[in-house]
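Sending over a structure as structure tokens; questions will come in a sec.
The chains carry the letters A, B, C and D, assigned in the order they are written, with residues numbered from 1 in each.
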Amino acid sequence: MISFENDYTTGAHPKILQRFIDSNFESLSGYGTDSYSKQARNKIKLACACPNADIYFLVGGTQTNTVIISSLLENYEGVITANTGHIQVHEAGAIERTGHKILTLPEQNGKILPEQLEQYLSSFYQDNNHEHMVFPGMVSISYPTEYGTLYSKKELEQLSQICHFYQIPLYLDGARLGYGLMSREADLTLPDIAQFCDVFYIGGTKVGALCGEAVVFSKNNTPKHFFTQIKRQGALLAKGRLLSLQFDTLFTDNLYYQISKHAIDMAEELKKCLKEKQYSFYLESPTNQQFIILENAEMERLKKQVRFSFWEKFDANHTIVRFATSWSTTKEEIEQLKEIL
Amino acid sequence: MISFENDYTTGAHPKILQRFIDSNFESLSGYGTDSYSKQARNKIKLACACPNADIYFLVGGTQTNTVIISSLLENYEGVITANTGHIQVHEAGAIERTGHKILTLPEQNGKILPEQLEQYLSSFYQDNNHEHMVFPGMVSISYPTEYGTLYSKKELEQLSQICHFYQIPLYLDGARLGYGLMSREADLTLPDIAQFCDVFYIGGTKVGALCGEAVVFSKNNTPKHFFTQIKRQGALLAKGRLLSLQFDTLFTDNLYYQISKHAIDMAEELKKCLKEKQYSFYLESPTNQQFIILENAEMERLKKQVRFSFWEKFDANHTIVRFATSWSTTKEEIEQLKEIL
Amino acid sequence: MISFENDYTTGAHPKILQRFIDSNFESLSGYGTDSYSKQARNKIKLACACPNADIYFLVGGTQTNTVIISSLLENYEGVITANTGHIQVHEAGAIERTGHKILTLPEQNGKILPEQLEQYLSSFYQDNNHEHMVFPGMVSISYPTEYGTLYSKKELEQLSQICHFYQIPLYLDGARLGYGLMSREADLTLPDIAQFCDVFYIGGTKVGALCGEAVVFSKNNTPKHFFTQIKRQGALLAKGRLLSLQFDTLFTDNLYYQISKHAIDMAEELKKCLKEKQYSFYLESPTNQQFIILENAEMERLKKQVRFSFWEKFDANHTIVRFATSWSTTKEEIEQLKEIL
Amino acid sequence: MISFENDYTTGAHPKILQRFIDSNFESLSGYGTDSYSKQARNKIKLACACPNADIYFLVGGTQTNTVIISSLLENYEGVITANTGHIQVHEAGAIERTGHKILTLPEQNGKILPEQLEQYLSSFYQDNNHEHMVFPGMVSISYPTEYGTLYSKKELEQLSQICHFYQIPLYLDGARLGYGLMSREADLTLPDIAQFCDVFYIGGTKVGALCGEAVVFSKNNTPKHFFTQIKRQGALLAKGRLLSLQFDTLFTDNLYYQISKHAIDMAEELKKCLKEKQYSFYLESPTNQQFIILENAEMERLKKQVRFSFWEKFDANHTIVRFATSWSTTKEEIEQLKEIL
């Protein structure tokens, strides 16, 4: 059965697997000290136009969010995020497990708007009781958001300015970063992100890798002994080659962008086809995730022929579902879907 | 340069890489719910002679130790281990990060002996002040130990009996389990371990996999909502196939045992050669790690021709170093070493 | 200057101080094992009509909330509370520090209504992704609430039934319990609370003690080794007499009720006087805290003659302030206030 | 029955209780912002000859150790202490609960010697694997130690120099500080301690107060937002007067020193009497705790007439017990003991 269930149902880009084979019997040092790690870091620095960036490779998204956020916050600080943020909703309390509160702002199309953030921060410091409260210690946004939407360059710049005014870091969760950057509506580039954010990660798991996220500290701001902080959180991979070879491949010959663009092209096809068939969209997403409102009987019918994700109930008779494309979605699958719809 | 630095310098067994390629474009569900996970679990249950075992695949050793120990302990409990245990010495405080104390016993050849454990537990409950102290909540041992040594069947059985008397689980860290089981001196089998221990893990990272450890709960004793506990610790892999395909391969046609046995054969060759050359052993290890006492000038000389690990200082003029073989060590490498020595 | 700033500005009821003097040179055992602790526990059991209650004395409110909540929750669970709950807003992240998320419901006059709770819990278990989320593990309510409002007997009974259906404990924060029970609108008694709640605390700090809160487990449900859990959270007082003597005094001859009733009488006088002077109330509170909306210039004028608390901004020109009475408020203070207003 | 069980069996110095009564109806602001807190801080600064000291009042010892240590350590750091340190043995894992490892050195008469510390720290940084280990982040010593022994001025100065060389703070747990300073063998003064240590606490609970410990940061080194860190650990007392009035009294007219000296005088009497009766001492303690080795039958006999503490087994037939004097021990009690012995 064809699947649009999510963007991590297939394996890795074949070039990655070939690299595993080619290097398999090389004896490499562990824990991210191998030569491919160095090489991959250099390619990413170049792509970010950030020669002083400090780069670490971790395994998965929740792990990456947790390691970064808990390493950057002071004891008495929490992290600001949209109330639909992945760290707030779908990471089983991983941030709180590290002792930190998540401070939520009501999402606007999955985003935090600059005026909301400014309002929150200025109010906090005006509150007489703020020493009895959790201090806002950083801002975490997702690009694209959990609803597939994008921050504009202007919005990101403003968020960045507010964060710097209040001297707290701006962190960007880029689990699907490629799909954001390659969106036809994106006006942000990887160097922009490196400039406006203090730290972000380039998602591999959902963009062609078997696993792996590349953390980028772009402001000479790596937390002290970050290596040890990774280790104590159980996030240090012995065979660092598993991560470095993947990112080295993805950042060779623009592969990361190419496969991301392919997923976006497929998503545009998908949207066109859904629109032609008069399906109703929950919101307008310019990236690889499309949220559709289905009448429940129709949903049951479709389920038998194609895989997609339940998102949430819309009303008694309708459900929001998600169709996602990825680097490995094929034209044939889109064609098949058309026929089914 | 040939390397005996550790047992995780090369990639994965070629059969594993082939499996990645063969299944790469199959659409599989995530988080360990794919069909290969089921298949791999079944093969491991069979190998453990434990049809009711509950099995989870995690990425690395520190992560696995942390997830298991923190899930099994109550708030007010700590974990007993040898003072040379990996969790005590080389995991950067990962256990304490979860709020639990490590209660150490002085190692005996890297091991905890049954009489030590009995003595510790009986004393604890006799202490009038024990309610002001950390309760012993489980026992963690390594097989092989960090010094390459092995528990005998009798020792493991006795530890198991003591734990059950005091109603605390016995946990076995099997990062190098294959190398223990295939040692010529081992009198323990995988079914024995499943019988005597309440939980253990079968190490993949150091025994032919790119990453991955298989956690086995053998007594219908999986902690409640263990899946969620994995997730909140950032240890849940999205593409579970990366782990399941590896363990499915390792537990097909006895591959895990075969490659472990090969490493042991190479270690025996290594030992023979070191003994012939009159090198002095720090202790007698029947597994793939060999600890040698080198005169410092000799160590500097050797370093230029072969890679090995610094372990610790022996005295002002001597150093303990470690030579490790692995599934990928070749006869040629042993021959080359012989020439160098 | 007269003060209605809060209910903890004065010392302790004089009878308590007298008890300190009378017993000062008695040699008493520590940590809550003294004879007065036993005596105080018995009096509280009687007052709760709960002969099997298990009672512990702790020092302060945030500490008590933290110790109870973290001892009752499993690793993967969070606590449900109103978004205005003290644990959510004004305890500096004490709950999250223990690794647990707070799951908020939008307050209704400072309360959680039974239908909200039922809706939240039933939705949670219907969510396909709930294993990636924090499990609701207990419910925490305040009586009176942070806005001085009260749950009715019917509401508490319904909350209790819902909690029991979902098998999670219902916890009641009684920092100002006396002022709730003695309110003219209260239809709940201490035995009712012991019946409907699984655990609650009887606040001393704000009701006549120098410090101290009495934790009551009313269902044979004390967490295992709770003494040790108190100790490891730094909440075990060496000289337990400081707490036991206070609660023994408060629960002798109905002193706790008498002084609470006095505070309520004073609050009713205060309300009458504020209403006569046409002050506008933010909400209707039947307990010792009254929330008034003041025009800003008026607020500045009053500040010079009487102490009260800033609560929050109402709009550009108005502010919500709080006037609180307590066990030690005098008729003369009310008279003086009348003159000022 | 007379009691030498510990130094916290009686109430508070009568002058303290009188102060409670005198100020009882004054309306004072909470959380340590009252006028008596300011006054008490000033007196302590004077006593420490440290006009820039920053002083906080907390309730109890375990709480104080936990708040200080967890606020000063970075995530990846642990605290060095003697293996007999209270935080290691008798605080139920309170430090580890905050996520930090305790790094133990073998005690020498209850102390850490400068050469041990130097050796530990220099070895740590020489270890190739130290990035996989917990970094030593501070040193915690007790004065007097848990065995009643004292650091000399020279030892404290050397420990201080070593800590400063390695840029980690030196912390002194002064639960029984008065009894140390007033010992006939002490060559350290309070100003010396303020000079050599980065932070320490002056114990109240065991030296004449009902509760309370005064934390002194003597080097302009208070952790950022320490007030909030106290709050989030549940250690902020609402009625700060309970602590400030006690310390204000203890540091008026040298009361703290006077009552400490009295306890030492009583301890010297006790020692003399025990020596005359040929009792055998476990070690030589110059402070208020005396450790005696009793033949078990003798111990059982004495138990019936006088209260003392079980410490630990000495051998099959002997037990180490502790006799403690305090500010409230009377000459009559010593006389009675003499008769019993």
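Methods note: contacts are C-beta pairs under 8 Å (C-beta built on N, C-alpha and C of every residue); 3 or more make two chains touch, one makes a residue touch a chain.
It should be emphasised that the depicted structure is a prediction, and the values quoted were computed from it without experimental measurement.
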item: Reference chain D; chain at largest CA-centroid distance; value: A
item: Inter-chain centre distance, chain A versus chain C - centres from mean C-alpha coordinates, in Å; value: 42
item: Approximate Å spacing (C-alpha centroids) for the pair chain A, chain B; value: 33
item: Separation of chain A from chain D, taking each centre as the mean of its C-alpha atoms, in whole Å; value: 50
item: Residues of chain D touching at least two other chains; value: 75-76, 91-93, 97, 99, 131-134, 228, 231-232
item: Arrangement of touching chains [line / ring / star / complete / other]; value: complete
item: Complex contacts: residues of chain A adjacent to chain D; value: 70-71, 74-76, 99, 131-135, 224-225, 227-229, 231-232
item: Chain C residues within the chain D interface of the complex; value: 3, 5-6, 8-12, 14, 17, 20-21, 23-30, 59-67, 91-94, 97, 205-206, 210-211, 228, 231-239, 241-242, 307, 328
item: Residue ranges of chain D in contact with chain B within the complex; value: 75-76, 78, 89-93, 96-102, 128-129, 131-134, 310
